[in-house]
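See below for the structure under consideration.
Order of writing sets the labels: A, B and C. Residues in every chain begin at 1.
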Amino acid sequence: MNKNDKMLKEVIDLINRMKSTRPLVECLTNRVTINDCANMLLAMGASPIMAEIECEMEEIMNISSALVINLGLLDGTYLSAMKTAAEAAKRLGKPIVLDPVGAGASKLRDETCREMIELTKPDIIRGNMSEIRALTGGNISSKGVDASDDDAVNETNRLELGELVREYAEKTGSVVCATGAVDIVSDGVQVFYLKNGHEMLCDVTGTGCMCSAMTGAAAAAGEPLAAAIAAVVMMGIAGEYAYEYVKETEQGIGTFRVKLFDYIYSLSDEDYIKRGEIYN
Amino acid sequence: MNKNDKMLKEVIDLINRMKSTRPLVECLTNRVTINDCANMLLAMGASPIMAEIECEMEEIMNISSALVINLGLLDGTYLSAMKTAAEAAKRLGKPIVLDPVGAGASKLRDETCREMIELTKPDIIRGNMSEIRALTGGNISSKGVDASDDDAVNETNRLELGELVREYAEKTGSVVCATGAVDIVSDGVQVFYLKNGHEMLCDVTGTGCMCSAMTGAAAAAGEPLAAAIAAVVMMGIAGEYAYEYVKETEQGIGTFRVKLFDYIYSLSDEDYIKRGEIYN
Amino acid sequence: MNKNDKMLKEVIDLINRMKSTRPLVECLTNRVTINDCANMLLAMGASPIMAEIECEMEEIMNISSALVINLGLLDGTYLSAMKTAAEAAKRLGKPIVLDPVGAGASKLRDETCREMIELTKPDIIRGNMSEIRALTGGNISSKGVDASDDDAVNETNRLELGELVREYAEKTGSVVCATGAVDIVSDGVQVFYLKNGHEMLCDVTGTGCMCSAMTGAAAAAGEPLAAAIAAVVMMGIAGEYAYEYVKETEQGIGTFRVKLFDYIYSLSDEDYIKRGEIYN
């Protein structure tokens, strides 16, 4: 693997563009992590809106710069609002990020995720590696909605998983971002491997959901491929700093979660240059 | 503008009365910040209850000391429970605080907020300046549900906005509290300008919602005008302390949010006397 | 009262077994504290899943190791999903923990709690002392859903309340865990009194809900009696440490809440041995 400094530069430019425009991001997201998603968008320099009534989706998408669909909550009214929001987003040319939460955990989730992906043709699909594998029809052993060891990418399976992600991106026409110990992002042609992050991120619920919300804000400021990478790199580097902080101060997961927001809030170009681990 | 020490004293008395009675506050509020509202009520010395089923509203209002209606979530079942709760609150003489979240963002929101205000005749309406402007029919440019620069009050527009808030209070018969860089509160006769706070409060989602919940607890312990001012002053001073803490310790928005709760928990008469900025 | 070191040892073994198997715990829980429950499960070494659509409950219970039913939210669709989940759990031999949130606050809550207990025959019922008293038909004065002074257990009423809890456990066939200043746990035969904890736990919303979620994870790793005690002891000791931390560092309730997660994350056998206060 070779470090890709060109993409890193593109990512930094995109993040700065995002911060200067402060995009309003409409999130139709699950109840568990909705507050974290809103606070993470504010922390990164964007603005959240979590409207969920179908009849206002047209107006909301009109004032928003991106749409994030998180399939953690699957009730019918909610799904219907998601479809209407996605139609409006498409018509208005606003990017759509879809998070297939829990794909692999039940037939309902598999089918709904596949149907929603076909229907909304998201610019970016972001999920855990096990969720992406479930969507491709691969073998998975779901341990719920949070990332698990099953998501591990190592030197042995890296190319295989990279090809799986690339094929799925080609098939769907979306940029696909599969997060895990190593994160894999592909637009169907190129494949990127991102090595930032720390395993403590798996011990906070919703770091995946937050990453999807952040991807929405990033997609409002640049191309889907760089946007997906930007969100993951931000979360990864903030995770590393948060881990180093709690290790040094001998604190735990509660403090780690607080510091994650602190670091997302303060990340600068220098941090990305010093820490960014983008390969292909 | 002149500092109003009489109102400051009234506010301090009201807060101490509130703490000594520990009022139970029923909140019908949105999903994004519901946990923060509950924790903020506990932090200030009140008790939260977030019951939402219509058929128990009569009993819940019977044991509660105030009702907070937050229009962030607009689904029909929920609105129906709000109406029933408001009827019970009126009948039982319990104060009602209404937060017109996102007024200006969609027709649905504008209409629902206006309808709910007419129907429930709240003792206090608390919103961002842009939301209050939207309700008065003024020009607004909504950037979602969190406060934005559009809310800025400066020496040039202060009297104009003060008159707008006063007129809206007169028209509705409610105390109106419009928060922003300077907060404006009016009962239709007097106009108060509150200068506490820090802009980092805008980078935490739900500080407005939390302020409305706190207003409910305050309204259980005194007149609506002083209650609205009390909640805003508490939040504002805690915001200043939290900012000073994170600046000194070189931390960020995650820590700011934690410290906000710490300071609300510990604010004393001395803090109000030293820091309170109430003018008219 | 005598210290019961045998039970303490059983509790420690159970917690270690739980950590080594990392059980997936399905929680059907209220919207106020759902994020805290998920994060607390992760902090203690378990995995959360918060699926709530009825038609996937069979599959979800199949991959889960325990079911937690929290009756804070009482809408019909939700209750229906709870019943289906409970049927599946029973059939599959997965333990059920039920939290009768707000019993005593309204007729709806009393009736729904009683009905759900009869229907689901939970392995463990965990509530505040006032909620358990309400279910037994005793006199209560509810102050909402958070624990209050009404829950106080002292040397005068300890045996009386212990007998009340024991009788209710005998009647329902469940292990009953009534939390308060002193926590009482009974399987209908033995009665245990747990003295860990700190009153600041009452100033964070959802410590009861979190404790119920933790009880679910514990029940996946051992007998209901030891599991109920294990969860309460973990929360109690973490609460003591968190209090000592904020007292020493002169911080408040926001920091206390963060440290609660930190300590749950790091509790070790030594902590239980040094601090555990299990009596009967």
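Criterion: a contact is a pair of C-beta atoms (placed from the backbone, for glycine too) under 8 Å apart; a residue touches a chain by one contact, two chains touch by 3 or more.
No experiment lies behind these values; they were computed from the predicted model shown.
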* Structure fact -> For copies chain B and chain C, the superposing rotation on Cα atoms, rounded to the nearest 5 degrees, equals 120
* Interface residue identity across copies chain A, chain C - same or different by half -> different
* Structure fact -> Expressed in whole Å, how far the mean CA point of chain A lies from that of chain C is 33
* Taking each residue of chain C in turn, which ones touch at least two of the other chains? -> 31, 35, 257-258
* Please name which positions on chain A make contact with chain C in the complex. => 30-33, 35-36, 72-75, 102, 105-109, 142-146, 148, 202-206, 251-255, 257-258
* Structure fact -> Touching chain C in the complex, chain B uses residues 22, 24, 31, 34-35, 38-39, 42-43, 47-53, 55-56, 59-60, 63-64, 77, 257-266
